[in-house]
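Chain IDs A, B, C, D, E and F follow the sequence of writing; residue 1 opens each chain.
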Amino acid sequence: MSTSLTDSDAAAKAAVLVEALPYIQRWQDRIVVVKYGGNALAGAVADHDALASFASDIVLLRSVGIRPVVVHGGGPQIGALLGRLGIGTEFVRGLRVTDAETLDVVRMVLLGQVNPDLVAAINVHGPLAVGLSGADSRLLTTRTVDPDLGFVGEVSVVNPTVLEQLLAQRLVPVVATIGADPAGQAHNVNADTAAGAIAEALGAEKLIYLTDVEGLRRDVDDPASVLSTVTAGDLVSLLAGGAVTEGMVPKVEACLRAVRGGVGQAHILDGRVAHALLLEVFTDEGVGTMITA
Amino acid sequence: MSTSLTDSDAAAKAAVLVEALPYIQRWQDRIVVVKYGGNALAGAVADHDALASFASDIVLLRSVGIRPVVVHGGGPQIGALLGRLGIGTEFVRGLRVTDAETLDVVRMVLLGQVNPDLVAAINVHGPLAVGLSGADSRLLTTRTVDPDLGFVGEVSVVNPTVLEQLLAQRLVPVVATIGADPAGQAHNVNADTAAGAIAEALGAEKLIYLTDVEGLRRDVDDPASVLSTVTAGDLVSLLAGGAVTEGMVPKVEACLRAVRGGVGQAHILDGRVAHALLLEVFTDEGVGTMITA
Amino acid sequence: MSTSLTDSDAAAKAAVLVEALPYIQRWQDRIVVVKYGGNALAGAVADHDALASFASDIVLLRSVGIRPVVVHGGGPQIGALLGRLGIGTEFVRGLRVTDAETLDVVRMVLLGQVNPDLVAAINVHGPLAVGLSGADSRLLTTRTVDPDLGFVGEVSVVNPTVLEQLLAQRLVPVVATIGADPAGQAHNVNADTAAGAIAEALGAEKLIYLTDVEGLRRDVDDPASVLSTVTAGDLVSLLAGGAVTEGMVPKVEACLRAVRGGVGQAHILDGRVAHALLLEVFTDEGVGTMITA
Amino acid sequence: MSTSLTDSDAAAKAAVLVEALPYIQRWQDRIVVVKYGGNALAGAVADHDALASFASDIVLLRSVGIRPVVVHGGGPQIGALLGRLGIGTEFVRGLRVTDAETLDVVRMVLLGQVNPDLVAAINVHGPLAVGLSGADSRLLTTRTVDPDLGFVGEVSVVNPTVLEQLLAQRLVPVVATIGADPAGQAHNVNADTAAGAIAEALGAEKLIYLTDVEGLRRDVDDPASVLSTVTAGDLVSLLAGGAVTEGMVPKVEACLRAVRGGVGQAHILDGRVAHALLLEVFTDEGVGTMITA
Amino acid sequence: MSTSLTDSDAAAKAAVLVEALPYIQRWQDRIVVVKYGGNALAGAVADHDALASFASDIVLLRSVGIRPVVVHGGGPQIGALLGRLGIGTEFVRGLRVTDAETLDVVRMVLLGQVNPDLVAAINVHGPLAVGLSGADSRLLTTRTVDPDLGFVGEVSVVNPTVLEQLLAQRLVPVVATIGADPAGQAHNVNADTAAGAIAEALGAEKLIYLTDVEGLRRDVDDPASVLSTVTAGDLVSLLAGGAVTEGMVPKVEACLRAVRGGVGQAHILDGRVAHALLLEVFTDEGVGTMITA
Amino acid sequence: MSTSLTDSDAAAKAAVLVEALPYIQRWQDRIVVVKYGGNALAGAVADHDALASFASDIVLLRSVGIRPVVVHGGGPQIGALLGRLGIGTEFVRGLRVTDAETLDVVRMVLLGQVNPDLVAAINVHGPLAVGLSGADSRLLTTRTVDPDLGFVGEVSVVNPTVLEQLLAQRLVPVVATIGADPAGQAHNVNADTAAGAIAEALGAEKLIYLTDVEGLRRDVDDPASVLSTVTAGDLVSLLAGGAVTEGMVPKVEACLRAVRGGVGQAHILDGRVAHALLLEVFTDEGVGTMITA
């Protein structure tokens, strides 16, 4: 706070601070579930600055009284280790067939590599983040999706108690979406879907997907048709009309379920924009697409 | 959050938000005592927008977890009512000689005009501010300064309990500096000095004087010599050397006492700069002069 | 506790203490809203002993576990300052037409004169009372009664939170009935009506009006017809039959609304009887009129 | 509260209430240990009204926020049952030689007769009193005084936890002074001494002995020499000078120990005066003798 | 923990500990009401080891997080003292006709002999047990059963507050079943029935009767027909068919009422088996008869 | 609880339960840190029953009010994956030289394989265990041991807050000993040493090493010289005398530091004995060696 501001700099800075005021007040103490991952994560981990920038945004959200929960997958990283170990892999309807050997790799990558990297990036700012698997205190109880897929599970019950306890201490949970069935068998769970289920169970205010696209388009082929807001009803029509590309389907379906289950707003953001999270949460204009009930 | 940001706007906004992060985190839950008044207040009350802007800054501080306390005087307004009632007034060593009739006017102006105007301006944003006099639950116990000055008091004991209770409820106390001696006799108290005593009793992190000057100057005649920071030790030399103008003396002395009594930092800010409070608290550069122990 | 009692003195004292027992037990922790004012207050302020006696009674109520709330107006004092400032005033249907200049005077008198006098009188006994305006943390939200009356408001919403917090700390709130509309515009509010609304919002056990009459009369012209108790139903008949004099109408209507809204008992007491409050609350016989649902 | 008071009655009643005010405020939440017993108790149990009057006084103390603890013995009642069972008894230095058979009788009388009678008398006013023996949760751990005396114990450790828990719930503990040694062997304990030890362990404000004498006399033979107050130092002289009669010695010694151990005041009251407790606690003059450090 | 175990001892010990695991987990924090008494008690008091063994079992239950409440009568001991005092006694329908003199004896025996013996036996292990009568803080409010029976009462209201407070402090209440009617008159209450009413009022998990029989028999004359479990429905048939012997009727009826009133399980155990309580609560097999809804 | 016990079975079972009583009472609410691992773990993971038995013992400790913390390493498992990936490894003074590639493997094995296996085994019994890395909320802050060893760290600060929070919720933390330096760089930490540091920081009552030896020997070559207890002082002599084999040195040193730092007792147990944990904690004899200050 040593050298003085020019008047116009001061006015511009003050304007941003004043704009952020109603949002800071509004989101105080609210839970925001952020799904970070897929390709965005792959890029970020490769690019240390992007990961650090994401972590710093999460810490900022927390600093102003928001309670962020980070959920992540790690598809590209899993693929890399499988390749390195010479284990083949196969996808059925977008889901990785997961035998015992593959499950071991999935667990090692998500719990032993991606999750601690995210925790470490956040904890540079202080003793803030705690990594969790969906098996911890039975956060995610799962059931087998399809015997042909092996150890792929879908969430049957969410027990958000441990998340609530950590949030009450203002800690930031970072969740790897490995679940377990009632007998303790680990399952590989789709992270997009799990993020939505967690948001709903926590009564989150926002569910945010950080992706590598600009948002949902009304016309899948027209980059200019990105939607800034869309209601659940309209979204159903878009899904039916084929306007949602394949990789976005689980995200869009999770958004729909979440806003119908009480989550205030769901967002598909462009994680490639620097500080997209902050701009979404604290400014009047948005980045990406907002889905409301 | 409807229309989208241009990339450069986004980057600029994000930069301000990111700069504010460490400060928001740092001042979380800390108490900041803001002395608003004298001429700044006179201008602000005349100018509704300035008052509203001040109020909005106080609400912003509170929104991000800071606990502001507003302390005010009202010299010009007292002078106006005395004039209107045809009551003469006299100053001795900068203090208004206060007979019983004058004291009645002081109480009516501070408690019945300035204080409720400040409370109203803040409460446009919600049920946030509560007006207090120094006599409420014996917040400020006073003793007579000098029999020749009449009912002018200086603070002998601060009982901050009611302030602490209101702050614990995240309310914003707005204090008019009327005190009372142990027998219940009201006293007119210098607001600059009272603000310092309150800051010390609360263990405040910051004590901020909003004034109508740019800051303290090393050379009283050189506008380019405004100090951005000064230690208590240096300030004693400046006072001894006559570099502090008359009206600033009680503020500077209160700052000295406060930082020596445990207040983290004291500030002389230029209240004429829009949102000076926000810029001081949330940006790397400052406005005005910061005094540290 | 030094010299000893004669036996008959002892027996008499013991009898009073024993009589008070069931009432002390019964009113423990209950809220009692006391409207002090109009002419009673004018007399008391002129007569320092009467004010001190009232304050001491309030402190006694509090000492034995009752939670008193004092509500006051200040009509005569307002009239005096208006006269001194040469401002004319007009009444329509018993309400003072309040232009901006008059409102300034009303605020100065209530908040800057009557309220601090009451607070000071109570705080002689300790750090007990806290003065409040109806604008503090939006205690009394008002709406315009009639554009022709200017800034005269009626209570639309009571937000008793700040009162409850102070009561929880065993402090004594002293409320001046200035309200504010949602935009922050101050309003002059009838204190009798406001006292009733506050009693109802707090779920008070008793609402007590300290007046300068002996109580309600069954026959307005017969001093011997003072009623010691009356039900809400009977009171409606008395009102319809014209047995309530003009100045008592807002009190009586507020009593009716209060007992119908859950307040246990409403009282019209003769404030000219020394310690009328204590005698009402702690003895088998009463002073004045008690209204029950 | 139906019929009205005459003016002079009103003034007299108000005067008593006003006199009681500072005491009620002063003793709020303080613990007062009342030793009831010996001959006073014998009379009271015989005379149901005296017992009811004592119980009502205890309830009044509690009603106004005081925390009374009742401690009792029961010598005359023990003597009666021993006689009825044809068991002889012998006293050595004022203490009853207590063999196993006698101890059984002591326990039956204190725990099965005197204690429940006191509890019942208080509980006519509500679910207020809880009877305890000194063996309950090891309230009074004892050691043998002298093998020749049999099962007569003196208090070695007081564990006031259960008393504190009941007091925190605003219940009234009624303690029979049967103790137990660490091995669980019951002991007959002098109730005067035990009351003092309990008062000290609780940090009581007052320790009151209700007796059948007017108070301590400066000259044991001169009824006009009753002392209204005496310091610990003077009391030592009186004891040394033989001015304390035999039965009063344990009381006086317990008073001395208690005021030296932090109890504010100890009192020897004349339990034959109706409502002596109330008059002592709530009036300016006293009944009996007050001992201070 | 000094000398080492043989392998087979170790395995056997580990097996018992492992078997107890699910029960310890299951009964954690649950309330278990144990009726101890009648003849079992008479035997135990005569036989110090049996009483100590019972006390140690209660302490064990408490040690592992169970909240035991002990309820007792004392018929044989009452008979003994009546005999010693030469007071005749008469039974009508299994209930002792209780005149004032008999009531005095009942109180002395239960409160002054049996209750403190039980408290002492438990408190050998620490400051754990607190003796209570049903009159303490109006735990058991009673009404007269039949004027011809004198002061025999049946429970009309249970006020379990004091029990809940003691249990919250992990203390062990030991209740003698003397009750009092609203006027404070003591009543002799059947302990079996009172135990059931207390269990129901506390929402106990288990109600256990320690008796001197092996359990309920399907055929009253066939020792081999002891039932290990029975439902409430079947029990009604057994009662109707005369398969329950006279002394067991109040126990069985209390069990029925309790399980229908929400108590999880009621048990008739053979108190003559060492540590029957522990074996019932912590092992897969049982001792005696379990009644479920 | 259906079929009945034979009398001798009952007596034997009761005896074990009664023996366990004082220990259950004594360890209530105490923290016990259990280091599980090295070869014991390797065996257990290979042998599902051994892992399940260990998990069940941990759950039993928790069931009776003990607060267990599990700390683990995973040397053999790390070696296996390194081998599978064809990465060579080297040990210097018993510590694995850890380059970046090796560190990735260490993290994947400990966080992605061993830790979730332990969590899963415990969570078969309920939502009880939560897996943690030393980087979570900066549980273990580390510094580099020796640049030549690469990313091998030693604990410089333990921040036990997150453990305390989980223990307060009666959850079971399972800690993998990956730490991080202040810059967020992950470090491989010796699990024996980390377990000791955690026990000390938590003020644990016991620190237990489950190993594959019978205990410490006075004479390293004499199997009959296993010590059942040893003081810190004697242990220093044994270390100096070379009586501690190489792999045991870090355990023994950690035990010494822990008991000197306030941990009540440290234990070297033979994890190959079924339920060694239970036998150690709940029986009079021990298994293995106990070290006390």
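As a convention for this text, a contact is a pair of C-beta atoms (placed from the backbone, for glycine too) under 8 Å apart; a residue touches a chain by one contact, two chains touch by 3 or more.
This is a predicted model, so every value here is computed, not measured.
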By that same contact rule, can you tell me which chains touch chain C and chain E alike? D
Counting only C-alpha atoms to place each centre, which chain is farthest from chain F? C
Check: chain pair from E-F, B-C or A-B whose contacts match over half of those in A-F is B-C
Distance from the CA centroid of chain C to that of chain F, rounded to the nearest Å? 70
Rounded to the nearest whole Å, what is the centre-to-centre distance of chain C and chain D, using the mean of the C-alpha atoms as each centre? 44
Centre-to-centre distance between chain E and chain D (centres being mean Cα positions), rounded to whole Å: 35
Which positions in chain C touch two or more other chains at once? none
Mapping chain-to-chain touches, which pattern fits: line, ring, star, complete or other? ring
Help me check something: in the complex, which residues belonging to chain B touch chain C? 84-85, 104, 107-113, 115-116, 119-121, 123-124, 126-133, 135-138, 159, 161-162, 165-166, 169, 171, 178, 180, 183-184, 186
Quick check on the complex: what are the chain E residues that touch chain F? 1-5, 7, 10-14, 16-21, 24-25, 28, 56, 59-60, 63-65, 226, 228-229, 273-275, 278-280, 282-287, 290
